[in-house]
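This is the structure I have questions about; it appears just below.
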């Protein structure tokens, strides 16, 4: 069997005496949407940080595309094709939507140590950036400063930036966070459109979205993966219901 | 170069280091607690020296000068806080740097306008005159030893205050989690003023102590300020312990470097170029040391914030 | 860029509008040279978000390169200018490599410390006058010609170079490189997440700014035909930073407006009283507290 696109094995991270990531192992196959769910404080954010390269794990390994990336930083992993979106919107507020995306295109199209030619006039960069904006439905807002976009639009832009990197794996950290019902609907539609074209690791609170989108789901509780399976099996898993869904129903 | 010279310069270095610590302690606390970068902290040191020297001349007593200069320095600090600094806490570091730079320009000039450009003298108190014999034939001034002892005593007191009292605990907590401390219902403004005034007084104290051995002139605060910055950068911003260790380190490196390097270089080159190269290298030594330390530990030796 | 163009045009016309005598031209040369240095600092502060409090060192190293070469009787611009710019760039590279690893307030303090290191080094160079400074034998020659002795030629040389620096910096800011640089100022984590490591871009910007400041240093040395360690003093770095803020961080032309405003204010207050800093200091404080957006902001609102 060929190696999975992302293979996490025995990942561990402790803060003081607290194990926030405890022997976490799972993988994401090419083209798969793999969701990670878990109650608050389960260690989802810490996990994302370790996968994207902003936090170094204490032990374990992360392999991406058949290559050990555990020791690499955020920028290096991004260039290998691991695109991360942020839970708290992280765009460049003083840049237009188009420029936000064009910056990501710039990474993989030649050197950025070019000093004189105006980047804003580079057709190749702009065309590709425009294409991803269209893809997430932001085409009409390309010229607007990102800081002036609505919350939902910023979430869309966040996705567009990730797509502009032409990644092999999208690491989406609560892409629906803070979005209203209509915006959620639209974002789910966009994510559905990405199915099969990109492998996606989806960390999300919105259970409906997760069960609608995911091919497989891993459940994280107190830093441990207690189950990984297809949605139907996860839904029926007693331990998962006790640890997580029960809490959801009570709320 | 003899062992005696080495001993004397080593002591001078420690004494300078202790003075640096008194200035740097206020700077690092103010930055740690308020996230406020205060270039004008060096003028507090200068004001301390000027106030001490004039008050000592006016009362005819070093001790009265010292005792009166401390509350005067405190008052100056609080007035500056009230007039300028408190309007800058919410602003970015760039604004803080520039506004406090403006305060320096004003105060340096004010000192010049009031006391003139010529250095002021402050006599050593009779009680601390004379010297002690370090080695046969080698005298070291009592006053310089007194500076060292007083500085170490204040450092110890400060350590007790920060580590062992409730106010100290608040200051430490404020250095790492200011919003949290404010949320607990502590009067953060009051805490700021306290820390600020205290820092100003420490710097003023250092200024008075230094006045009899160093020259009291309008630019004296700037030199100390920059070395104090080096100290808190090396020590880790916000860390009193780091400031202490780094201050002694910087004091010794600076003093020994400037005095010994020309002699050391003479071992390998001719006298005249050795003097020049030694002087140049000696004055660079502290900064080179800083660069080396930061190259390994960009946040200093004892980083407070993660 | 309209305001900057107006200033450049005014500087071009000044010699024919009654500002053609020695004193005025000296003052205007100072304005243009400091504007050049301020533009290079703007690239760091406004462009890259790197608040340097040691920029005068780059200027001073450029000036001292002139001194060292002058002492060795090398006075032709063809040699002096590249050597001075290279010297300032090298210093920027060496110190920047350490400083840019840090950020925020650490960066401010480290650049200040490195600047001070250069200052003390210059002060200890007894062969070049030490604290007292060094008087040049004369202005640089250009391919053996003594053109720069002519005040008008020097005036237009400074003006031309200022225009060139302004244009060049504007192009750099708009380029691919500049885009990464500006993005890293706004949100460094975002920039890393798309795959750029900000460090090399910031370091190159630091070196570029050093080179331009070095060029300004060469001109400053030639304008006064004298160089002293005070050129590198940290107060000069503070002055440069003030020019940048006075003009406004929102736009590159702010650096030019700030330099003009600064030098004229200094000059005017200097005529009023010997203790002009008693007025200048509080004005600086007030402008930081109330003049948000700088002169550019005032022009935009007005």
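Read from first to last, the chains carry the letters A, B and C; within each, the first residue is number 1.
The working rule: a residue touches a chain if its C-beta (ideal position, glycine included) is under 8 Å from a C-beta of that chain, and two chains touch if they have at least 3 such contacts.
Every value quoted in this text rests on a predicted model; they were computed, and no experiment measured them.
The interface with the greater number of C-beta contacts, when B-C is set against A-C, is B-C. Compare each chain's C-alpha centroid with the centroid of every protein C-alpha atom shown, and the nearest one belongs to C. Distance from the centre of subunit C peaks at A, each centre being the average of the chain's Cα atoms.
Distance between chain centres (mean CA atoms), subunit A to subunit B: 49 Å.
As a whole-number value, the distance joining the C-alpha centres of subunit B and subunit C reads 30 Å. In terms of their C-alpha centroids, the spacing between subunit A and subunit C amounts to 44 Å. For subunit A, no residue reaches two or more other chains under the stated contact definition. Every residue of subunit C that touches subunit B in the complex is listed here, in rising order: 45, 51, 53, 95, 98, 101-102, 104-106, 108-110, 112-114, 116-117, 120-121, 123-127, 234-235, 238, 241-242, 245, 275-278, 280-285, 288-289.
Only residues 171-172, 174-180, 182-183, 186-187, 189-197, 201, 204 of subunit C touch subunit A when the two sit together in their complex. Per the touch definition, subunit A reaches subunit C in the complex via residues 52, 54, 73-76, 78-79, 83-84, 86, 90-95, 99, 102-104, 106-108, 111-120, 122, 161, 164-165. Subunit B makes touch with subunit C in their complex at residues 31, 37, 39, 84, 87-88, 91, 93-95, 97-99, 101-110, 112-113, 222, 226, 229-230, 232-233, 237, 275-276, 279-280, 282-284, 286-288, 290-291, 294-295, 298-300.
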